[in-house]
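Naming follows writing order (A, B and C), and every chain is counted from residue 1.
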Amino acid sequence: MKIINDGFDVGTKSRNQMIDITARVEAIVDKAGIKDGDVTVYCPHTTAGVTINENADPDVGHDILLTLSELIPAGQPGYQHSEGNSDAHCKSSIVGCSKQILVKDGRLLLGTWQGIYFCEFDGPRSRKVFVQARGE
Amino acid sequence: MKIINDGFDVGTKSRNQMIDITARVEAIVDKAGIKDGDVTVYCPHTTAGVTINENADPDVGHDILLTLSELIPAGQPGYQHSEGNSDAHCKSSIVGCSKQILVKDGRLLLGTWQGIYFCEFDGPRSRKVFVQARGE
Amino acid sequence: MKIINDGFDVGTKSRNQMIDITARVEAIVDKAGIKDGDVTVYCPHTTAGVTINENADPDVGHDILLTLSELIPAGQPGYQHSEGNSDAHCKSSIVGCSKQILVKDGRLLLGTWQGIYFCEFDGPRSRKVFVQARGE
């Protein structure tokens, strides 16, 4: 049983942005030599997150970010946090800060249309992604 | 340490539907012979998800689907994805495409009222569920 | 490879409340003697959840709970569940009932500003948290 901790940096360019990190996660699992097991992709930030969604049409990411921003507008009356980014903290808790992906025969068990996305909600910023692969 | 990959098919009948898959996950953990460890229930689709919620009163599932559809209506102005199912993609990222359940003494460590649900957001469709059980 | 099942009780005082449980999770990982691996924090209730968000300014928790309550008001027309807490069930499925945190060199791999929170959505109540630490 191997447990491999790795990770990478992500530079974001907009306040809200979804960045496809699938290939970077695949490369870590490949390098770790995990054939069967699982991998966790973890965002150590409180105004960003990780999601899995369609990787074919970039318009899907646009529409997810649009929906989140319409549901959770910046500067909502009643917000007490003084940094002015409470919307980003809320989006982080709703999308979640990590995702777990299964590994079989050395491949990520993603669906045909699934990609792994780093979700920036308070960019642009320099971000980190932690990746832990476990298995044999 | 065992790592067992398994799964099953789910046929959905409505555009939005919650289907209790607890017994099917339990059967896989039982067959895998895992006594202590965990199991991941993973949906490889981008317009569906997996959640854990009340299994006693089916009205709870109705109310969750109602809330999601009121928050994220189909055909919202500004959506760019041409397939017309951006609402389903958004619901998938909000509910999440997988859940992890602990296993102890050969049983799923669910709460008294908890069941595992496949959430269809763009049905009716034929769907797959991946299940990975890990442990001893 | 160790798999340690543990947990603790949480008493909540308000209908909606976020309680920092980071130190209690750390203590379990420490006691389990896990150096590298992961830990899952699992809420076995259907009207509560677990999230990871900022632990420096308590106003962030206030703003997350405010946003969730504005998005999902109690007593929404159309709710069928007779217990009157459908909003709490919806919040639980949106925030999620568990979180996975990585462990490296005996420490939780949380970001600088991250804490682990038990989220009460239908309190005050006596609640349980399950914790499973896995690793070496």
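Everything that follows uses one rule, which is that contacts are C-beta pairs under 8 Å (C-beta built on N, C-alpha and C of every residue); 3 or more make two chains touch, one makes a residue touch a chain.
These figures come from a predicted structure and were not determined experimentally.
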What is the Cα-based rotation angle between copies subunit B and subunit C, on a 0 to 180° scale and rounded to a multiple of 5?
120
Same residues or different residues: which describes how subunit A and subunit B meet, taking over half shared numbers as same?
different
For subunit A versus subunit B, what separation do you get between their C-alpha means, in angstrom?
19
Mind pulling the subunit A residues that touch 2 or more other chains?
1, 71, 94, 96, 100
Along subunit A, where are the residues that touch subunit C in the complex?
1, 3, 5, 40, 42-46, 71-72, 76, 78-83, 86-87, 89-90, 92-94, 96-98, 100, 128, 130, 132, 134
Touching residues on subunit C, where the partner in the complex is subunit A
1, 36-38, 51-54, 57, 59-60, 62-64, 66-68, 70-71, 94-96, 99-102, 104, 109-114, 135-136
